[in-house]
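The first chain written gets the first letter, and so on, giving A, B, C, D and E; residue counts start at 1 in each chain.
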Amino acid sequence: MFGFGVLKGMLVTIQNFFASYFSKDHLTTVQYPEERLSAKERYRNFPFLVYDQAPEDPRCVACDICAKECPPKCITIVRDSDAEGKPLKRPKSFDIDYSICMNCGICEEVCPFDAIFMDHEFELAEYGRFEDLMYHKDRLLKPNDHFKKIRPTDATRIDAKLAAKTQKPAPPVGN
Amino acid sequence: MKSLEELKQNLESKMPGVTSVLEEGCLVISKNDWLEVAKFLKSSPLYSFDYLSSVTGVDYPDRLEAVYHLYSIEKKIGPLTVKVRTDRQKGEIPSVTPVWRSAEFQEREAFDLLGIHFTGHPDLRRILMWEGFAFHPLRKDYVAEND
Amino acid sequence: MNSFAPLVSVVQYVLMFIVLGAAIVTVSIGNLFRAAIFLAFTLLGVAGLYFFLHADFIAAMQILIYVGAIMTLVIFAVMLTGKMQDPLVAQSNRQKIPAFIILCGVSAFLIPTILKAPWRTLATPHATTAANLGRALMGEFVFPFEIVSLVLLVALIGAIATARSDE
Amino acid sequence: MDQLFVNLKHSILIFAGNFLPEWAVILISILISVTAIAVFGPVTMMYLTLLERKFVGRIQNRFGPNRVGKWGLLQPLADGVKMLTKEDIVPKGADHFAHFLAPVAIVIPALLVFAVVPFGRNMVAVDLSIGILFFLALSSTTTIWIFVAAWASRNKFSLLGGLRSVAQMVSYEIPMVLSVVPVLMVVGSFSTVAIVEAQSGWNWFVLTPWGLIGFVLFFLTGVAEVNRTPFDLPEGESEIVAGFHTEYSGMKFALFYMAEFMNSFTISAIVSTVYLGGWQGPWLPGWLWLLIKSYALILVMMWFRGTLPRFRVDQLMGFAWKFLLPLALLNIFAAGVWLAFARPVNYLLSAIIVALALFILYFANRPDMPKKRVYRYAVE
Amino acid sequence: MTEENLSTLATQTLEVSLGPQHPSTHGVFRMNATLDGETIVKLKPVMGYLHRNHEKLAEDMTYLGSMPYTDRLDYICSMTNNFAYALAVEKLAGLEVPERAEYIRIIMAELTRLVNHTLLIGFLLNDLGAFFTPVLYAFREREKILDLFESVSGSRMMCNYFRFGGVKIDFSPGFLEGVKSIIQNYPKFLDEFEKLLSENEILMARCQNVGVLSKELAISAGISGPMLRASGVPYDIRKVDGYSIYNRFNFRVPIGEVGDVYDRYYVRILEMRESIKILAQAVKEIPEGPFISPKGAAGAKAPRTFKPPKGQVYGRIEAPKGELGFYLVSDGSPKPYRYHVRPPSFINLTILEDMCIGNKIADAIVTLGSVDIVLGEVDR
């Protein structure tokens, strides 16, 4: 009979109306600035650089692999050099344009030195469209502790790997 | 599906004058025969390729190539890859829109992005780029203006 | 409610001016669409006058039929006269002069009649006009009422027959 | 309690009568009523918007506005400020005069109909002898202004919305009027006050067979009259963007909304007056009863909005002409039978007539009705 | 009537541009419709507003570099886009996929199908004019699946999860429990959804016999996915090609009878139920083992060393929207020579005009909604 289907539907909506007062499942909204969801460990947003001891000494060796593999080409690296112009194994500048980055995580995957990882930080609103979203080395560098905090599983694994590497006797220096 | 070899022989015996070449598992047909062959492939009870899945083009240094992927829903066979070649300058290939309706938008797209002119297409306009855009961006020699 | 009377007459005069003003704008404005809008105001004003003359039922009918229905039709018709997408439908007042002459003739006949007519004023206006009207329609005037219904029925059938597509 | 507002007004008038002439007292009396309505209407509208957003929000398992003030209670004010400060855009080529006039004029009938709503015992602004007719007449004028707005916008979507609105209102006006007729027959008066008084002592008309049908009809056509879901075709946002108010922004847009919500309220109030016994009810004061009943009906409208998709134009017309109109006519017959016979028999007879009417209409409309389908699976 | 009479009686047609900014075109799609009254006499789809030449971009990138871009084709179902692309490249490079990875892939693909169909039905109702309620219920349930995606891949929508020869990373702890709870709770939600929608008379009236697509035209026009099956063609690539390990699973292919909007709606509901079945089997049978083949892992670590041999390949899967195919031509370098996407929703739009002509403008919106387009994929 005409109308019963409509009434059935209305029953569903009114059930949901009352359920929203009683069940958390029916009121899933999170009141964002006051309440926050904890990020999933694997959550990836924008990349950052890891340093172990001091920001002057990052893990990054400026090998440029991430910059080459980055699909939207948002990473620019300039290798540092010493006074004589001999290239050093650290970046002079390391810029990521967050306005271009698409959070794919490929830089993290391809990095052979475990120097770049995806961050959990997401509140990145800025007033400037271009310069403010261009993250330079100083803003990108974060301590390993930060990484440990946001992604404990990966951090332990990588720390163990790096520790194993350093324990190996350093190859004899040539000359 | 019966082997491609067999299909080729069948095709040539049923349609005298049509020559086809097998290349990398694709059937290469000359553009003058293509419309007839298309009709044959669709109507032949042996194959009945009633479903034209994909139409696209490839730009090679010396030629433009339209690539068709055919399936048969009735016989559940496929894909049959058909290639039709044309030159880069004029680039004309007969349209198969009258045979398979699914070619309508895809041929427009191939025309838009690669500049293959499908003769006999009911409404050959640009589809993704805007009207009045002068280039065909998927061609290898296309360079975006601000690059 | 004697002292209420001046208040009422003030309102009545205001309404009268609205009616007359809107009517003048209706015939003189150059845009047919706006003319229709002002016609609506004229009709509404008339309805208001009816209210203050204790003819509630007529007033409601005036709004329901003239403003609600006829005006909708008029605006529809106006819209269909011109191009649909052009809101500036021009009204042509080409026949101003003949209209004025006819108006003069009619007024020459009407004004003396109105002035001469012995207007009788009712001491107490009839109340509950709706009930009285109903009784009149169903009693005294039942025959013309039915005839009118028949005419309307014929018109309805005619409209359906005209609008029906040939199949 | 029941006569709270009446006594309040009365004492003001007596106080004023001490030193003012009689005509001034009458003027003050009118002004009090007018002011009460002019304040009550827009305030109702403001909080109806909030209520709707909260209610539909909960239906949709979300909070609804809850940021401005406690439970979002100041949200309507924030909206008002936003509306007032918004840029008023008039499309190029639009008829400026009509574009301005329509939203202003549409509020007037919406406010005027409050005059005949009996909010409680002795709480009606004007007890017109033609109360219901007055309401019907004024609500029908809304169409013109919607159409003027649509046409003056010079927008095709607006125009389509306007055309739809005219077609819809013309179609629904008729069953709407006819659905009130049984009550008029039984009461013998157009006056809203008389109608309420005829329902005293739990003799609500909705409790009779014809009254039940009449109530549903009147309510549905009322929903259609104020363009709310599922009859909101004139503003069907999924098809014609926003219908007749596509080109309106800022306060003009707010005025359309105000008219719509005030109309929703008056429709609900009139429906409860005509069929649900108006302000009659036990224990609570009369005006509270009316508000409770009206808000219950408004919540049903919002419930519709939270649940139902929209009709299509032809289905909307078909529903009005093929179902509502004949049902309303047969309902008048049922009411006539109810009047003609004595107490227990008349209920039975009119119930039979109503049931038969529904049955016949169901079968008459069956070919056009959608059917349930059975689906199968591909065989391997 | 004579010819002359007809021409004088001819009505004016109205040209309306629906979109690219229109509430119901699912993005920046545009339809140039010619209306006679409200009836559509001509309708030309216009697209390309979101065109970014995905195919050209891919030619300048390593094979892996295109993977995150495929996420952005049909941004509702990034997992299946990944799947199709990975499948094509694996075919091209002759990569083996470990058992566990295949199961992971199928779980992801079927979860994506649930997401897509749920959302589509919600939005279809929006196109019908319902006020967001079904959409928000759909969002509520989709959220649970997106949370799972996030816990595994790190992103809710742009998953970028598949790698050539496997997947990027194994399940996160607790993932399978999450899938199990979805398998348990989703049917309940579908029941609720169906109770809300399937028998709603307004929905049935609006959807039945609207936008009818015949079997023959559907095949000829290359329609794929639920739309093809709704027209009564039992063709599901999961069954026909049996790609990945779909032939190990036991599921049925629902088909429609009429090929109208209602069939398309209902076939999707039934497909979701079948997807849940597949999920249940996959979760039960999933073996332990590597999630990516060693060659694939090496390729993911150093994309420039991944050079498929010269050749060409066409790989297709049954994406939620239909047949999603990738045509790749390799010249032996780390970048594809030609990269072409066969987007299902683009090709499904071919016959939009045929389905809409003679229907009302509101039907055109619903028909478009039932085609299920995502502009990221249509325009690429």
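The working rule: a residue touches a chain if its C-beta (ideal position, glycine included) is under 8 Å from a C-beta of that chain, and two chains touch if they have at least 3 such contacts.
All values derive from a computational prediction rather than experimental measurement.
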>> Using the touch definition from the top, how many steps at minimum link chain A to chain C?
In response: 2
> Can you name the chains that touch chain C as well as chain E?
Replying inline: D
>> Need the most distant chain from chain D, centre defined as the mean of C-alpha atoms.
In response: B
>> I need the chain pair with the most C-beta contacts, please.
In response: D-E
>> Taking each chain's centre as the mean of its CA atoms, which one is most distant from chain C?
In response: A
>> Can you tell me which chain is nearest the middle of the complex, judged by mean CA position?
In response: E
> Rounded to the nearest whole Å, what is the centre-to-centre distance of chain A and chain E, using the mean of the C-alpha atoms as each centre?
Replying inline: 29
>> From the mean C-alpha coordinate of chain B to that of chain E, what's the distance rounded to whole Å?
In response: 25
>> Measuring centre to centre with CA averages, how many angstrom lie between chain A and chain D?
In response: 55
>> Need the CA-centroid distance for the pair chain B / chain C, whole Å please.
In response: 71
> Can you list the chain D residues in contact with two or more other chains?
Replying inline: 59-62, 156, 159, 306-308, 369
> So which bits of chain A are touching at least two other chains?
Replying inline: 2, 6, 9, 12-13, 16, 26, 28
> chain A touches which residues of chain D in the complex?
Replying inline: 55, 58-63, 303-304, 306-308, 323, 362, 365, 369
>> Quick check: in the complex, which residue numbers of chain B touch chain E?
In response: 24, 26, 50-54, 56, 58-59, 67, 69, 73, 76, 79, 81, 100-106, 109, 113, 126-130, 137-138, 142
>> Could you list, by residue number, the parts of chain E that touch chain A in their complex?
In response: 61-62, 64-69, 71-72, 133, 137, 140, 143, 147, 150-155, 158, 160, 168-169, 172, 192, 195-204, 300-304
>> Could you list, by residue number, the parts of chain E that touch chain D in their complex?
In response: 14-16, 22-24, 35, 38, 125-133, 136-137, 140, 196, 199-208, 229, 234, 236, 239, 252-258, 262-263, 266-267, 270, 360-363, 365
> chain E touches which residues of chain A in the complex?
Replying inline: 2-6, 8-9, 11-13, 16, 26, 28, 40-44, 68-69, 71, 102-106, 109-110, 112, 118
